[in-house]
């Protein structure tokens, strides 16, 4: 069953400009998403996940800019689309949810209006009609008493409610692709699960593909068919979700999984202490020579220090970017 | 809403009382008397009996607590006393001068808003460009000139050299006479507003909800219209409110320079001549005006910004 | 504007004024007060008198140099007074809260409600015109913004862990305020102080115009400019040079303040007013 | 010799400008006179009895008239509201025959009762009208002021147009009753509340409009008692306190006249066009540095003379005052009837000053504090130029800057070492010199604490003298003694300068205050922007 992928990203490069200098914040990132599929992007903060997502819909702001590679959406190259064309895609066919439900909504507008804007913008509805549709949208994201809620301002809602509103906005126009940038990070644990279920259910029902970005491996494992692990502006490993959790190939992936608090059976077996990966993600301007992970890697060798590893495609699909992949 | 308004108005009461007290104390210890001012031009030889009689008539010989009691008693009846100089109720003297000051300060603010806000907007939209640099240099320069000098230069340029506008005075109260003084008065708040607007717009442009708006597929102009303007407005309004205080204070200078018959020039004259009841009344009037404008601004902000609670 | 341009330009202009002030005795050609030679009154700028002479025949170049001392004194001292008042009131109000906070809040609102120029005008009239009076007048009337900022940051800082920790460790209130709170609010306060210095220099000129400025023997820019305003057609140089000096100084201080803000107080762009 | 020449030329210039003002031309009827009130940014109110400031008198001259008026050409007060006056043998009772063609603006004829009512009002003890000082000259006025009487006994109405006034002392009543503070009000109208917003007078123009802080407008009164006058349709008196702004407005032809300061005087003189419209007059103000005769070094006459010798007043007048002043040769000004042309100013002679100081016991000089206001003509700006000159003879002067009102107060209290001021020294020489009588308190006008038996005697003689020539003679002697005693640094007499537009005619060289003009004598040529 080889259908055309919904989104193809090839050799994406994002530059960060500091003064006259340019640094590649994201380099050589490639992945594909099929229709209805959920791809996870995982990694520590600062490794370039969010800006990768932003670059897909042309929302990078200086000093960042998309400087190389190709983004094909539904067979069409969109990285160089004129602003107008891009805008028509945004929200309509590719929607995005952000991390901070507190600030992502305009504090001075009612949530009803902020949802209604989508219908006015993309469906050419009148405001009155759009407001009615907004109530329906709120119903679909399981907000109680939607008729009342549409008149509320964001500060009157809880974090979970706001994120539901964000989802309602994002899915208002039945997009083909949803970019979800850490949609639950800022929420309480109990609310997290509800929101994730909501996203999962709604996207499944509409056949919407999802690019799920998170630093939370557990969440990714739950949601995604495939997972890409990012480190320092690169995807270091990309495979099907079950495989990657059972047998991580890249030392970084390994480290991430090892640092997960374990629940259930395995925890009882005795690995009580969490393992951490020593050190932090280097800043963009100071990416090291050779493999970018080598300063933190337990398996680093001379080669790692000198030579940048290339992608090694694995027989069962996916790839890993490591000289010493297991 | 109404209770919010009432609460805001009640909050100003202690301020007004404190100003009334402060003003009384300050101008009770001021050296020089009105009677002495009568001869300060060296023209008239003021005789001793007249001076004494005047001081007696104005109650200047009474002990301080008696004068204060009288002052408070009058204030309680909204009476500001009699002007030494005009021998008319201070309220009437002020009423005669209030309108020109209002005209001038509103015109100056209007100028400041009409030029400053768009300038700040443009600068923020083209942040980092040549336009941005130029408009901010203009803004900072506008803040760096003594007002009377600027006024004098304007007067020379537009009245004498170009002959476009009358140089001074109130005339028939028409717009022609209002333009130069309100520009002289409005340049500084204009500069401040341009800077505030630019900063506010820049802040908001980087706000998450603007990113959301873009992600929704909105064009930049829609983003500005639907999401940026109202949010920037709250910040701009607050600045405008506070700037009114400065403007009405600086009106003293501009009114004196342009012979504008407002409260400001009256205040300077009355300080010089030690017409104390008028000085006290004028300062109270200015403070009241400032509080009124700022209460208005607060209410407007509350209308625009639902986060401000009415209760 | 590129990052740092403000700071560099503003700093350079302000440094120029400081140098002029400090080295005035060496840079000046004549004594600014005593060297009044009526034989040379109102000479236009030339090789002998670089900026010309004033009505009393004094060298304007020398007077402008010495004037820098007065203006700097006015700017720096009055802002120091303002800052000390504002920080003391705001810090203690934010930290202690309660009735003291209410009181300080009321006082701040009062200061905001009376335009500072009018306040200063009244104080000058009471104290008689002069340098000391001016320092007092300008020093007592412009602390409300500093106070607000200090109060707000004290409020937000006092609930922070390290301050709580210091309390638990038994540090005295004063010690906590000085060692824990103060250093964390210095940035915005320095910025306000810098901008306020420019305001003070302008206020000096304005009060001179209203007849209540600094009086001789000090050659202040404000009084020079104000005294010469009638000669603006006949002998423009008498007003232009002190006017330019004021402009350059205030411009420098404003740019410097903006530049410092970008570094010291990067998150508060919208607090610019 | 040189000085004498300078003086002579000054006086002839004066004469020229006066005759220049009254050129024989056919006056044009119509148009608006756009006058300026330059002393501050407001008028007091519309009740001219309450204010003695020149600022208010400027507008009052359009609306009001007093018993006497100042004759600028004759340089003396003349009868205005009366046709003639008979003086009794003892010189104390004046019987006035009032004009029968003088009408108030509401149409009623002037009546002796109006004058009696006005003078009685001025003596209202509760009100402190500055005009009380003049009316006090009338017998029985003080009793009214003190509340002991309802009517002034010295005022007697003989019939509607005849009024007898009994004075308490021999003095020229013209000097007392020529100013606007004694303007005659209509007895019937002035008691009404509306009078304060719509004043009614006997003047050539009827009140039209008052915009507080901005202007007063008055229009021609057709029943004014001088036939054919006023010429102009309207007078607008614009308040313009700021000299730099006035300069622009004048050059921009928005105003018809402007009072000039030294800097502008020089500029206008140098301008080929503007210099054609300059009116100069030696005003009756003496600019001086007063000494406190109770302050140690100033107790010695030689010290005071030394200071007069140490200051190069001529240089200051020439360079700093830009020749907008006449060198003072004593207290009484050039235009005073008792001015003595033979008097010479103190010569600039630092050596002599040093010698005098040494004789007085101050070979190394001394220090003193000079209280002064910011004023370019007599205040701090002048003192600043004097200080280096005094320094050369060893005297160190320090300026104590104060505001105008404060100066008046400290000087009247004698709370100073030296002060700098401009004092009215005329037009009546007797009143001016009375300030040096030892019985005049410091708080009145003997600010210096001057005491001289000879002066007292001469002043008393002058007060009693019937013969004007003899009176003048005594006053000249007083002036000479005051000069020699030098209780002050005699600086200069003001040269008042008014710039006027070429279309303004009929200005008068008023030596008492140039800004006060009889508007009925002025007219506007067709070239004025406001000629319509």
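Letters A, B, C and D mark the chains as written, and numbering starts fresh at 1 in each.
One rule holds for everything that comes next: a contact is a pair of C-beta atoms (placed from the backbone, for glycine too) under 8 Å apart; a residue touches a chain by one contact, two chains touch by 3 or more.
Chains and their UniProt names: A = ABC transporter ATP-binding protein; B = Glutathione transport system permease protein GsiC; C = ABC transporter permease.
Treat the numbers as computed from the prediction; the structure is a model and nothing was measured.
Undergrad: Looking at mean CA positions, which chain is nearest the middle of everything shown?
TA: B
Undergrad: Looking at CA centres, what chain is most distant from chain B?
TA: It is A whose centre lies farthest from that of chain B.
Undergrad: Could you quickly compare B-D and A-B and let me know which has more C-beta contacts?
TA: Output for the comparison: B-D.
Undergrad: State, to the nearest whole Å, the distance from the C-alpha centre of chain B to the C-alpha centre of chain D.
TA: 39
Undergrad: CA centre of chain A versus CA centre of chain D: separation in Å?
TA: 90
Undergrad: Round to the nearest whole Å and give the separation of the Cα centres of chain A and chain C (ABC transporter permease).
TA: It comes to 51 Å between the two C-alpha centres.
Undergrad: Which chain D residues sit where two or more other chains touch them?
TA: Answer for chain D, listing residues that touch two or more other chains: 244, 403, 406.
Undergrad: So which bits of chain C (ABC transporter permease) are touching at least two other chains?
TA: 125, 128, 211, 229, 232
Undergrad: Following the definition at the start, I'd like every touching pair of chains, please.
TA: All chain pairs meeting the touch criterion are A-B, B-C, B-D, C-D.
Undergrad: Over in the complex, which chain B residues touch chain C (ABC transporter permease)? Could you list them?
TA: 14-15, 18-19, 22-23, 26-27, 29-31, 128, 132-133, 136, 140-141, 143-149, 152, 156, 192, 195-196, 199-200, 202-203, 235, 238-239, 242-243, 245-246, 248-250, 252-253, 256-257, 267-268, 271-272, 279, 283, 286-287, 290-291, 294
Undergrad: Under the touch definition given earlier, write down the residues of chain D that touch chain C (ABC transporter permease) in their complex.
TA: For chain D paired with chain C (ABC transporter permease), touching residues are 243-244, 247, 261-264, 266-267, 270, 312, 315-316, 318-320, 374, 376, 380-381, 383-385, 387-388, 391, 399, 401-403, 406.
Undergrad: Which of the residues in chain B end up touching chain D in this complex?
TA: For chain B paired with chain D, touching residues are 31-34, 36-51, 53-54, 57, 85-88, 93, 96-97, 100, 152, 155-156, 159-160, 163, 166-170, 255-262, 265-266, 268-269, 272-274.
Undergrad: Quick check: in the complex, which residue numbers of chain D touch chain B?
TA: Touch residues, chain D against chain B: 39-42, 44-45, 47, 50-54, 125-130, 132-133, 136, 145, 196, 211-215, 238-242, 244-246, 248-249, 251-252, 254, 285, 373, 403-409, 412, 421-424, 431, 435, 441, 443-445, 513.
Undergrad: Mind listing the chain B positions that touch chain A in their complex?
TA: Going by the criterion above, the answer is residues 206-209, 211-219, 222, 226-227, 230-231, 234, 304-307.
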